[in-house]
Structures are given as structure tokens and as C-alpha cells.
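Two complexes follow with chain A in common, the first pairing it with chain B and the second with chain C.
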Partner chain A sequence: MNIRHLSRRGFLNMGAAAGAGLILPKTGLIRPARAQTALPPVAEADAKISFAYVGPTADEGWTWAHDQGRQAVEAAFPELTTTYVENLPYSADASRILRRMVGEGANMVFVNSNYGDFLYDVADRAPDVAFYECDGRTTLPNMGTYYVQHWYPSYIAGVAAGLMSETGKLGYVASFPVPSVYSGTNAFLMGARTVKPDATLQAIVINSWFDPQAAAQAGTALIDNGADVLFGIMDEAAYLQVAEARGVKAVMWNTDIRRYGPEAYISSIVVDFGAWYVEQVRRRLAGEWTPTEDILPLGQGVDRDAWGQSVPTEVAAQADAVREQMLGGWTPFVGEMKDNTGTIRVPAGHTMTERELYEWNWSIEGVTGVDG
Partner chain B sequence: MRLKLQRLHSAPPWKAFAARVLSVLLALAVTALMMAMAGIDPIDLAAQVLSATFGSSFGLEDLGLLFSPLLFTGLAVAVGLRIGAWNIGAEGQFNIGALCAAGIALFVPGPDWALLPAMIAAGALGGALWILVPTLARAYADVSELITTLLLNFVALLLVYYVATGPWLDPSGRALATTARLPVRLPEVWGIVHWGLPIALGLAVVLAVIFSVTRWGYEVRMAGSNAGSARYAGMPVRRHLIAVMLLSGALAGLGGVMEVAGTVGRLQGGISNNYGYLGIMVAVLARAAPLGVIASAFLMAVILNGGIVMQTQGLTTNTVLAMTGLILLFAAIGDELAHYRLRRLEGRN
Partner chain C sequence: MDIIAGLIQTAFLAGGVLALAALGEVLAERVGVVNLGVEGLMALGAVTGIAVVVATTTPWLGFLAALAVGLAVGMVFAFATVIIRANQVLSGLALTLIGTGMAATVGKAYSGTPAPAIFRPLDIPILSDLPFFGRAFFQHNILVYVIFLIVPLFLHWLMFRTRHGLNMRAVGENPAAADAAGLNVMAYRFWYTAIGAAMAAGSGAYLTLAFVPSWSEGVVAGRGWIAVALVIFAGFRPINAAGAALLFGFVTALGFVGQARNWPIAAPILSMLPYLGTIALIILPVIAWQRMRRMMAAPAALSTPYFRDTR
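Right after this comes the complex of A and B.
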């Protein structure tokens, strides 16, 4: 919006890029983005913590999981007030709502999806309010980012999917061609290919995180095309119901929603932000808060769900063996890796950093449909 | 003595205006009643909405940013209605206008003073081109523009999604599903309110003058109220229809230019924010009068801004949607009622 903010943000981006190599190993939960003075403390009774959600809290998915985190904050700090807004639009209306939250006296605002400039424009003008952007890649003096290392459980689920697929064709219901979709599709197919080397993955982009009708249509189209295991990154359960009706399998996201398709359910990438939210609010109240860039690791905020009833014991065991290796520090994301045009994108011997996985923006060989 | 309802051919203006005001008030009253029944104090909420909107410069700036795109799409639909064409595609033309302007800003090098007019021209042209096929289909084959303009909205939206997440995706990798920030910005006139607002207000006045004093405006109005007799009187009805519909598309396209270059700063899916559809309501409430569009777009901006406050108070956006729907419903009823008058019949039969 004006040159001063632009250049400051550009400068911060440079700092974040320089710091990318410093991401701690998977066991480290939190690292400060940069040394700076903390925001002053707030008395618990005066504090207002606001949450802006991309979907409805009743989605039984992403937003529901974040709202569990909000409730954990209320339980941990009974005297403070929390507020939330559902269905925050990805448009200039997001800025209006966030500005209004600031106007109503929020001390801390969590936004559970990436809103880019719509959020930064507000944060720039509210230096005393702490902001967090989920799935964000930009930090400001008063704004940090948080997300989950979902590529590990996605890979584990991919192993199970590869073992259970007969056609070797995997389907993926994608929201947008964004890094979380690239890392999800790539990791899932990589896992599947360890047990079914010629497996492929077709994705359909539906331009939404929450559109049950479009997700069901995409799921149907993928199954019509031969897919017998569906994966996706939806905030709700529509394609699981399609899989159940069509007699194929599905891997879900966010929560345990097996009741919508008990026979189809393989597992889910389950998230739990409760402990992290409570810790950030504690730091804010105590006057210790500075922005952080947190990607919660496997077993500490993100994991696979308990296996579905139709998953054979030996499949579960084989996938869980991979999970154990990962918990021990092993990573499958090692070069040489080629993209789906055949270009080498990760040279031999290079292990992708968490930052690189977080910013993954190309499809591996075998994945179609994410980038058109 | 008996009373009889008599239907007039056209409603007297004062009655139509009174029906408009009454429909808005009734819709507000029904919404307030529903809220009270749900345990929310409507007076308190209204006070919060008004103070958040008019009580601070932030609120007024936000209002201005909502006002401007509604003026453009409202004018676009109103202009079409003048000749009896329903442009339901302002949403799509808005998207294409934004796309064309963003294309110029991102890929054509040059100084701001040269790029901004080029973006405005490209956006207006893009909006006009987007309605070209429905226009020709209506003018030469009598294909309903209602359907064709509506369907092209989805094509436009998907096209914007495609370029913003595909070929034009921000190369920095830090912004998701959007192009890079445009290097050219529409300058601001007050706070974060940019030139889009004064330009839109100016256009409304210019259009009002054109329709009320020029021969062209008179012929368009004639063609709109009775195409057959206008044709019989020797007016080039088809040519006017084509010109008016292209103008309508261009106006919506201009709205897209201002939104992408002034408010959002990047091209992304959903940039139109339903302004195209809301423009239909703005135009209908204004009875397709350009100056009336100023009033109804302002009212709509206040309602939408009120929706923001309601959302932070834990109410859903559906409340606002329901309220705008109610206004339109009451306005339609009021419109019809304004055509009637009570006549006293001296009984003799």
C-alpha cells in the first residue's frame, strides 16, 4: 500500500530467507524469528484473544481443530476473553474484519489460514497487537507464522495407500496450487511408490478449502478415472462419503471423521494446536512474546490418526515402521528428486530442509493436475 | 360508495421513492425483530454498527472502499436496464477488467502516469469485450442476455483463478494463489480511499446528464420502454442496444481496474467479492437512475460494513445476506404496489 511498508516487508523477507537454514531439527518446537523486544504484558482479566477462521467451526475439520485450540486457551486462562469470526473471506473483506478485531481491542489475533497482504496491511498498522498467520511465509515485527509438518504423516499414509491400492492410481482433491498441496501430493505419492513403484497421483483443484459439493464432484471424477484411494486437503468429509459409496479408500485431514465412511477410512492427518495456542497466549500475557516461525513436528501437533477398520494389520505395521523411523529423525525427502517435467530439482545427496518442504512449489514425477 | 384498486401504467415517482424507503425500513425492522427473538439487542448492535462505520476514520475509509466498486457495478447494471437489458454478468466483467489491468501493470514496463491510463483503458475494453458475445447474441438472435452474461461469470472467475495460480503466480513463493504485488498503484485521495471513488461518483453524474439531456439518452430510454414504437419512430434500436450493453460491460470492467489497482494490489481469485451481483441490487433499488445508484450503493456499503461488525460480534454473514434479500423482496413488492391507487366509485350500478 505504500513504499515504506513494502520495503520493510521486503527487508524482513530477506531476513527470513537468510534464517531459513537455521530451522531447528524436528524435535525443536519453537524458535524466535529474530531478536527483538517483546510486547508488554497484559493482565489476564483484560486480555482479548481473537481468532479468525477460514471455515465454519462446525466443519469437523481444520477450523473445528483450531477452535478446540481456542477452547484450550479459555480453559487454561479462564479470566480472559476469546472471540472468533468464521468464514473469513479471502478478499479485502478479510482486512475489514481483522481491522475491526483490532478496533474491538484484541491483544492477539490468530488467523488459521494464509491471508497474505489482507493480513499484513492490518498488522502493519497495529504494532501493539500480536498476530499469527497459519501457513504463512512472511514475518513482521508483530506477526509470526505457524503450521504443521504434515508431509511426514502424508508420507506414512501414502505407504498404507500404496499397499491397499490395486490400480496404483491415487486421487487428490486439492484446494489451490499452494505449497501445502504440493507437499501433500508429493509426500503421499513418494510413500506409495516405496511399495508400488509405478503408482501415480492425479489431483483436481477445486479453488476452495470448504466446498463439500465441489469436493464430492472431484472425488467422483477421480474414481471414474480409476483412482481407488483418495487423499485431499479439505476441511470437511465429502470425498470420504463418496469413497464409501463407491467402495474405494480415502485418507483425510484434520480430525477423526471415520464415521462418515468407516469402511473407506484409512487414516487422517490429524492436527492438534491446543498446546501451541496456550503457550503463545501465555507468552503474550507474560510480556515475553516475540514473533516465531513454528512448524509443529510429527508427534507434537500433527500425526496420522488411528488406522481405519479396513486397514489390514500388516499394512498398518509396515506404515507404522516408517513412522517410527521418522520419529527417530529419518527423512525420505532426499535428492535426487525430479519434477514432473524431468528436471532435477533436488540434487543427489541434498536433504530437503523443513523450510524447503514448507515452501515446496513443484510436483514430483507422477503427480498431475496440481499445476495445470 | 365502493372502493376499487386501480392499476396505473406507470407508478408516480414520489410513490415509487416512498416505496423504496419503506422497503428498506421494513427489511431493517424485520431483521431487528429476528435478532431480538434470537436474544440479540438490535438497538445496541445498530449503535455499534453506526459508530464503527461513521465514528472513526478507519470505518469511513473502509466504507469508501466498499462504496466505490458498488458504484461501478451498480452503474453497469443500471445503464443496461435503461434499454431493458439485464447485465447479470457485471461480476465476470469486473474480474476481466481486473485481469486486464493487472496484465498491463505486471508485464508492461513504463512510468506510472502512462501505465495507469493504459490499465484503465484495458480494463474498460476487457469488460466490454466480455459482454460482446452476449450483446451480439441478444441484438441479432434475440438470445436472452440474462443467461449468457450470467454463465460467462463462471468462465471469468475460473480464468482469473487460472492466471493467478498458474502463469502469473507470484514468483517469490511467499504469497499464495495470487500474482505479485502490482508495481503500479492507483493513488489515494484520503486515507486508504483511492481515486476509484471520485471517478465513480463523476461517472454517475456524467451518465445522469447523458440520459436526461442528450438525444442519445432520450432514444435509449425510448428504446428501453417500448422498442417497437422506438423502431417505428426511426430510432436505431439495435445500435443503441449494442452501445449500451458494451458501455455496461466497460463500467463493470472499470470497477475491476480500481479494485485491483487501488484496493487489493494483486490479482487473485475472488477479487470481485460479489460486487457484480450486489450491483444488480444497487441498480434495482435505484430504479436504474445513475444518481439513485449513488444513494443505493452508499446504503449497500453501510449494510456490508455493518456485516463486518456483526461478524466480529459472532453473527454470521448470512444475516447480512438475508437482510439484503429482504430489502430486494420488499422493494419488488413496493414497486408493484406503487402502481396501484385507491379509487372511490360512486355507487350507481
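Right after this comes the complex of A and C.
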């Protein structure tokens, strides 16, 4: 079976192979979380699919992207109903709200992101409801996880950033020291170092996914420190606006937001969960659903955005050549790799698995500021 | 040097949001009304500013419209707390909830649109081009000068150098005595609460028209609460309030610069700095110097509705 020519169905159903320990790079690491029977089918007209969002749907970022996915579900299954809650807090209130979704008859609940125990408690007590936690770390008999392999487009954007940076100093506006940030900073710098070997990356942790004021100040501090390309993992555009005003470049996340800084915009790590959401809802309705752990691969849910207007064509071509290689199955995440204290973390010859990339929790040489 | 100039510049820019809201809160609290609705008012002002600028592309109109909306909402709040004498804390919290909710609803149409026109940094001949001082002090947008120079000095003069200001403070300290002296306690409280609310909304417009030039739900991110706290820190004095906001902006910016330059201090400690600093600066002078306790004290009748028949 050639994994590069799998249909989405086949791709999602190849869980058994992955579960047997065969972890293939670039396949999306799909496996059933627990061996168990599927939840019973639901008639489309009776189905209720609920979404819980970390931010407002109007954030032009992460939550907006997920809400596009919800709308894709509505378009694909016009008879079912969808509901959503915005700004789900990280507190016991989250459990209360999720429990209410269950009480209102939801058949399937998508939660993003990272609600952890607030969610597990609810999922445990509602065994006939299917749950998905975005960027989750645990699975249950009725709960799977999903995320995107954003480290590949981050690497591609890093190549472009390295070519466009003059100082070789990259800045990163980080939310929290979580795996997404480690993999983002590491991949970005690795990409940049292929074209500018002495490049370094400095991160500032602002303790929020959404705080335009703090992100703007962090961006200013990074630029004052010499950074001339900014990257980050914010759900809004504040540091892009700072970059535009100060005449430096920026790489963004989630969606195309180049209108906030057309000159500064290099690209964005764009996510599209629509097709995946539709497939999961289809499985649930058809009575085929068992929990999965999905990390959507490059080109199938996550990608770089169209290059910004100030990106020279030869830069775009060079970065896109890397992208083509990645789509062909090549991965840059190969040992030997050292962390920023000089310890060898990935031995020579070892290729980091998608699981290891997903759980990356150390900074490579040249990345500072994430560990605090 | 560039780093320090950048620090001071960011301190003014970020502190401006807090300063204007805190100055408004000083007015309200000096006449005895606690307004906990600052967060909501800022959200309303922020969305009004962006909405008007999208329609007219004139930042001043956006700012004035935010002041007008703040004044109108502030009058409703003052009606509830001063005339009807509802509980000020509850009314303020309600105002925050209504304000942020309304702003989110109205703002749906404007999120994702960068402000088409903003308050641009001024280019002052000679001064703006000075090394260090140019970037630190003379490349700000016009509102920064209004917020940090004109408004605090004017309010200080008004409150401590005029008869009107003395009356105003009397209303906040002892409304019964002020009433007996023939002052219209209700009018003082009503109007200064409303004007304070207008200034809070104005700080929201400053946020979306000068600092982060776009609207998105949650853009205020709790700064309204900080502004309320700064008023206590500032001892209910306008010049101190502007200074406190500047200091807060400076220490916040310092935390980011510390991270950018890899100071050997844990990032969470650096993020805590503004708050630790505020607590230390409130407590230490009072411990060290007894007289400060009286000088920094809140107006005696703060948060107490005034009933003429119970005096």
C-alpha cells in the first residue's frame, strides 16, 4: 500500500497499521485510540454537532478558522443542527458549559483547544457522545484528538524568512511554552538556517493566545533587539501591524491577514479543518465512529499561505522547492539534533516521528526565550 | 540606547490606554462613585472609534464619537448609581458585562478590518530627529501629549487650585456637609461620573485608533481593571494617575525587553513585574511614612450613595 496515494477514507482507516507500531512519517499518524465498537448511527435530521471555541469567531484567526469548518459541516449535511460556544474559559465553567451541550442532546462535540481535565470529566460521563479535543494529549473510549502538522509550513516559512532577513535575528511572539510553540520556533529556525547558517531566534512569551496589546509590545521589543523577521502563534494581527510600521517582515498563523500589513507579510501558517470535520461528522452519522488521533499533514489541512507581495520570486521559488520535497515525503527533522544546552536529543540517523514532533518540548540550538 | 528609547516610547504608547481611563476614574471616585464598568466602557469606545473611522476615515471624529458614546452610557450609569442610588459595585459590573457584550455584537462587522486611518506619530521639526530623545519623547501621536500633559495638568489645576475643585472633593469626602453648604451633590456626582465614563470610552478609542489599530473582540484584555487599580495606587490624584500609568507601561515593556535580551530571570517573573511593582509601591511608602496613609486615602464617602434624609 503506497501511503502517498491514499484516499481520505483509506487514510483515516489505516489506523490498524499505525496502531501496530508502524509509525510512518508524513501520514498523519492516524490510529484508533482504543479498540472498541463504533458508536451507533444517528439520522442526519436528528443530529446535533456542537463546537466549543477558545476565542470569538470574529477573531480572524484560530477560532474563525474552526468556525469555517463548522460551516463546512452545515453545508455538507444541511439537515443537522450545529451549535457553538465562544470564549470557553479555562476553568470549571468549561465543564459546566460542555455538560450543558451534552444535556442539550449533542451527538458530537469538538473542543478547541487544550481543555484537558475540564473536558475528560464530561466525556467520561457521556459515553454515547463522541468528543474531539484539538491539540489534546489523551484519548478516551469516546474521545479522540486532532491537530495540524504545522512544523512543515513553519519550516518552509523559515526558509523564506532566512532569505529575507539581513540581521539573521528572528523574533517570535509566543503564547505559552507548549509543544506547538517549541515545534514552531524550532522548525522556523531550522528552515532559516538552511540558507543563513548563523541565524538565531529569540522568543517572548506573553502568556496569552489573544492579547493584541501585549503582542504589539513584544513585537516592538523584538525589533528593538535587532530582529527583522517576526513569527509567532497569535490569534490576531497585532505584531504584523507593528512590523509594517517598523519596516520589517512577519510570518503569521491561522488565516490570510495580509491586509493588516501588506508590505510586511511574508506568509501565514493557514489551517483548514473543513474537510476533516465533515469526514468525522459523516463517520459519526454513519455509525462508523471510533476515536482517532489525527494530525493533519501538509497540504491536507495546513499549508503556507500565498506569498506576500514583497517576497521576491526567487525566494518564493526556493521555499516552494522545499515544500515540494516535503510533499514528496522528505522530512528535515532528522538527527543529529542538539538542544540549546548542547545535549544531543535526537541521535544521528533517527528521523523524528510525527508523535515526537507533536510532543516536542525542548528548544534547538539557537532558539532562546521559550524556556524562560 | 536604542533599547531604552524604545522602552520609553512603548511605555507612553501602552500607558496611554491606562492613563486616560484612570484619569476618568479619578474624577468619578473623587466625587464618591466607584465605576467598575471601565472595562466595558473601553470596549464600547474601542468599537465606536473603529466604526466611525471606517465610515469617515477621520480619527478625530472616531475619538469624539467614542467620548460621546461614553458620556451617554456614563449618564445611564450615573442615573442608576447617583439618582436611583443602586449599588455601585453591582451596577459597575453590569456595565462591564453589557459593554463588552454589546461591543462584541456591534463589532462583529468590524473585526478583521484594519483601521483605515489612525493617529499617526507626529513629526516635530528638530525635536523628532534628536538622537534618543526624539524617539523617546517626540515621535508620539497627538493623543499621547493630550493624555500625559494636557489632561492631568488641567485636572490637577481644576481639583486642587479652584473653588469648584474643592467643592468636588467635598462631595466625595462628606456629601452631607457639602449639601449643607449649599452644593448640589447629585449634579456633581452625576456629571463627573458621566465625564469619567466618557474618558474611559475615549481610552478605548485610543486603543483602536493609535495603539493596536484594529478591532477584535477582547482587545481591551483586562486593561480596564488595571486602570481602576491604578487610581488607588495613584492616591486619587490626576498627575499621579498619569505617572502610575506611565510607570506601569514602562515596567510592562521592561518585562518584554528583558525576555528579548535574555536576562537570566524567568519569563513568568518578568510578566509579574508590573503587578509586583504596583503592590510594592502601594505598600512600602505607607509603611515607611505614616503621613502617606492619610494622603493616599480614598475619599471618605467613596461608593456610598447619598440619601439626604439619613444625614
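We adopt the following convention: the second predicted complex is superposed on the first by the 341 of 372 C-alpha atoms of A that agree within 3 Å, B and C clash if a C-alpha of one lies under 4 Å from a C-alpha of the other, contacts with A are read in each partner's own complex, and residues count from 1 in each chain.
The definition used in the following text is that a contact is a pair of C-beta atoms (placed from the backbone, for glycine too) under 8 Å apart; a residue touches a chain by one contact, two chains touch by 3 or more.
No experiment lies behind these values; they were computed from the predicted model shown.
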Worksheet item: Overlaying the two complexes on chain A, which is it for chain B and chain C: clash or fit?
Response: clash
Discussion item. For A:Ala216, using the defined touch cut-off, is the partner it touches chain B, chain C, both, or neither? Pick first, second, both or neither.
Written reply: second
Item to complete: With the two complexes superposed on chain A, say which partner A:Asn207 touches: chain B (first), chain C (second), both, or neither.
Response: both
Worksheet item: After lining up the shared chain so the two structures overlap, which partner does A:Ile97 touch, if you call chain B first and chain C second: first, second, both or neither?
Response: first
Practice prompt. Name the contact category of A:Gln241: first (chain B only), second (chain C only), both, or neither.
Written response: second
Discussion item. Quick one: is A:Asp294 in contact with chain B, with chain C, with both, or with neither? Answer first, second, both or neither.
Written reply: neither
Item to complete: Considering only the touch criterion stated at the top, classify A:Gly116 as touching first (chain B), second (chain C), both, or neither.
Response: first
Item to complete: Kindly classify A:Asp124 by the partners it touches after superposition: chain B alone (first), chain C alone (second), both, or neither?
Response: neither
Discussion item. Once chain A of both complexes is superposed, is A:Asp305 in touch with chain B (first), chain C (second), both, or neither?
Written reply: neither
Item to complete: Classify the contacts of A:Asp228 with the two partner chains as first (chain B alone), second (chain C alone), both, or neither.
Response: neither
Fill in: Clash with chain B (superposed arrangement) - responsible stretch of chain C out of 91-99, 163-171 or 235-243
91-99
Worksheet item: Residue overlap on chain A between the chain B contact set and the chain C contact set?
Response: 87, 205, 207, 372
Worksheet item: chain A touches which residues of chain B in the complex?
Response: 52, 56, 58, 62, 65-66, 158, 161-162, 165-166, 169, 172-178, 181, 185, 192, 259, 263-266, 268-271, 273, 305, 308-309, 311-312, 314, 316-317
Worksheet item: Any idea which chain A residues touch chain B in the complex?
Response: 1, 6, 13, 50, 83-87, 89-93, 96-97, 99-101, 103-104, 114, 116-117, 135, 137-138, 176-179, 205, 207, 359, 361, 371-372
Item to complete: Using the touch rule from the top, collect the residues of chain A that touch chain C in their complex.
Response: 55-56, 58-60, 64, 87, 171, 202-208, 210-214, 216-218, 220-222, 224-225, 227, 236-238, 241, 257, 259-260, 368-369, 372
Worksheet entry | chain C - residues contacting chain A, complex | 2-3, 6-7, 9-10, 14, 17, 104, 107-108, 111-112, 114, 207, 211-214, 216-219, 221, 223, 252-253, 256-257, 259-262, 266-268, 271
